[in-house]
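So that you can tell them apart, the chains are marked A, B, C, D and E in the order they are listed, and the count of residues begins at 1 in each.
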């Protein structure tokens, strides 16, 4: 067991994740919900990058001047893939929102409920 | 125990995320989101992940924000 | 055992999908159908190999756990219904005026199929996540193909909840990686710590994410709108195949036995709630969507008491539900709207196929729906949970009422005066419906040996 | 050479401070944008120059010089575009008649 | 969802999650499993020089990167299905001469930098995707300043359907070539250095060019959906 203070960075990513989740659940604007989703995604990326960190480590770029220890490189590769997935989800969601706006004239949940 | 730099940056990140969550003006929220992404990019550079930082700056803060702005402009006129 | 057809199973539909936008509108459906039939051939070949040994492939020549491993095991036999249903949906959609068979539409279906193939053969958690995203994004796009008012909103809600599920799954994969240092499924299973809160959070997160993707009550709220507004050919793919991916993900989750008690209750709630919601629907496609929620509940319950039965049931239900949605699509196509009373009077072939599908969905022997359901009931009795066995039978009775009601509505209600002279569905619709209806009976007849094969 | 870094760094720091105070204290959009633009160009430019001197000689100092030129181009353009957009939207400038 | 209910739900989630984070191995310490298992193998037996992250993306975990380029491809195609009802995009309001001049001035430099990032990913931070985002952002910038019509004219017209799939297609080609040379799909023939290098470059260029076109078309589709 390590106390939470030692894992402060992990704790911060959980806070970011929950802020994003709160926006997704509670905000009344669909675009804001999408931003909340993006915050959640980046929070998970931050968690994964943090897990691959090593104290006093160097970036995983090998060469004559570089000396171990290196940061674990796999989390970085995973996060790169994750960022791309996130942007393509966001783009599709934005296109869907344009369609919603064309059909109903609003992106506010309360208004949408009335015009459904 | 994390360094002071990390603590300050993480606090700022959380505050910016809260500001995004609370902003009523959509364009302001989008710009705040870009600021949030750039700060995250700084954090990752500090964590020894320059590749991730570059991608976040170009994709997260760049392309995503621009797409958000296009849609905000189109849905508010 | 290794064979190059295993990566080809993923690569063929994706390559086909990437190339469709380069062709003219006329050739897109034929190309899509051809590519999917080729994929079906590969899937059948790999299933045949499986009788001897599990097929494993180290991508790039890096042995697991260092590289990515693909593995064709019993769960991966789901590749056969994936290829079959997707292949039949493409010609079915050529008559609709929705953009399913435009080059872009066919590309979405092909790439989505490739994503599902990657998902069922992935033996690495991150590969599983990536292909889950490929198939999910295709699914959101498929819902949005509908021209119906509100389909955009339904697709957005689906996207929102689906992405929350993906994020939770990614976080759990990250936790597992932090705990074990590995991403390969078998390796993670071996290196898992004995317990502790992070492990429970990881397993719980994976289960929650996959249950959300599988639309289990009360996380099902996105499903009825999405599945009912989508074009019918697409609903067959969504309801028959894509929600099952959540179940396959659950079956791949390590340490699921910690959660059996939760799964059994969630499954039972979903089973009954789905059936009851289905009973009060006046729209055929919404009824079918809620019946999917009910069946998913049955499978989740089955995961806890009899995994073999659950696996058999997702395979059967894929075919049954696809045939039902295609039949519903044929009625709607001929009626010209969602008001389909009496359409079946002039469409005897489609109506009989629909009735056969309904019988299979209820689970009356000798149809395919029976085998899995019976195994799960027996499993529940064996585990001493006879209350759940009763619930399963009760759910079947309620579903029987739903299907009987719609057969009556379609076949015996007088049709509105302005719609005299509707005729039987066109051949490209009829053939897919019949192939699937025949299979939903056929799988039941060969059910015994099939279940023995799955159980091995 | 690296001694030159000290005055430039101080100049940069001073401009950043002044621009931040301006950003917080000035009355309307245009004057605040003006202050922020100073911060971008003179402040960041001087600090980049200071860093270039500190790392001189080497490849990094040339890269930093390039960065300074880029900022010198991009900063004013962005401020100009912002101010113009505000003007088009009808944001009125502050005058001494205002309270 | 009701904001109060949501707040209660989120707070309820916070407790077990924070407790689990506290129970994780301390981040940054070199003896946690993440550093002692697979990653160590990559660092010790991987390439002698260069960017290890790119090596992992293209080689050890090439299948994931293939999935990644397929994800952005299918995102674009799904958006194109949605954007069929197109209204011609409005021309941009006449741009300020200063902004127009500066954008014209920097465009070639940014394009050059984008290609540099794509091709130098094997040695320094960067790679196909980052370069793609820079090039795509450049097209979007031009669209913001001169209007979407102008941005569209920057893209190749007839070749577009082929080039937007360049990422997956390059991967498929590399998969087949590598399969013939090494016996494993997506294997890289280290015994043939020239072919090895050509395959890596080809895949990076495919991701970069395909990705840039996808980002640009996503913008255009949103602009005139």
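Structure notes:
In this section, a contact is a pair of C-beta atoms (placed from the backbone, for glycine too) under 8 Å apart; a residue touches a chain by one contact, two chains touch by 3 or more.
Given the structure is predicted, the values throughout are model-derived calculations rather than measurements.
Touching chain A and chain C together: E. Averaging Cα atoms per chain gives one point for each, and the point farthest from that of chain D is the centre of C. With each centre defined as the average position of its C-alpha atoms, the distance from chain B to chain E rounds to 18 Å. Work out the mean CA point of chain C and of chain D, and you get 57 Å between them. Chain A and chain B have centres, each the mean of its CA atoms, that are 10 Å apart. In chain C, the positions touching at least two other chains are 126, 130, 133, 137, 140-141, 144, 152, 177-178, 183. For chain E, the set of residues touching two or more other chains reads 17, 21, 23-25, 34-35, 38-39, 42, 51, 53, 61, 64, 67-68, 71, 74-75, 78-79, 82, 125, 129, 218, 222. Touching two or more other chains at once are residues 6, 9, 15, 17, 21-22, 34, 50-53, 59-61, 70, 74-76, 78, 80-81, 84-85, 87-89, 91-92, 94-99 of chain A. Contact between chains, as defined at the top, is found for A-B, A-C, A-E, B-E, C-E, D-E. For chain E in complex with chain D, the residues that touch the partner chain are 93, 96, 98-99, 102, 105-106. Within the complex, the chain A residues that touch chain B are 5-6, 8-9, 12, 15-16, 19-20, 22-23, 27, 29, 31-32, 34-36, 38-39, 42, 45-46, 49-50, 52-53, 57-61, 70-71, 75-76, 79-80, 83-84, 86-87, 90-91, 94, 97-98, 101, 107. By the touch rule above, chain C contacts chain E in their complex via residues 4, 7, 11, 14-15, 17-19, 21-22, 57-62, 65-68, 70, 99, 102, 104-105, 107-108, 111-112, 114-115, 118, 124, 126-127, 130-131, 133-134, 137-138, 140-141, 144-145, 152, 175, 177-183, 191, 196-198, 200-201. The touching residues of chain E, counted against chain A in their complex, run 1-3, 6-7, 9-10, 13-14, 17-18, 21-30, 34-35, 38-39, 42-43, 46-53, 56-57, 61, 64-65, 67-69, 71-72, 74-76, 78-79, 82-83, 123-125, 129, 218, 221-222, 225. Taken in their complex, chain D has these residues touching chain E: 73-74, 77, 80-81, 84, 88.
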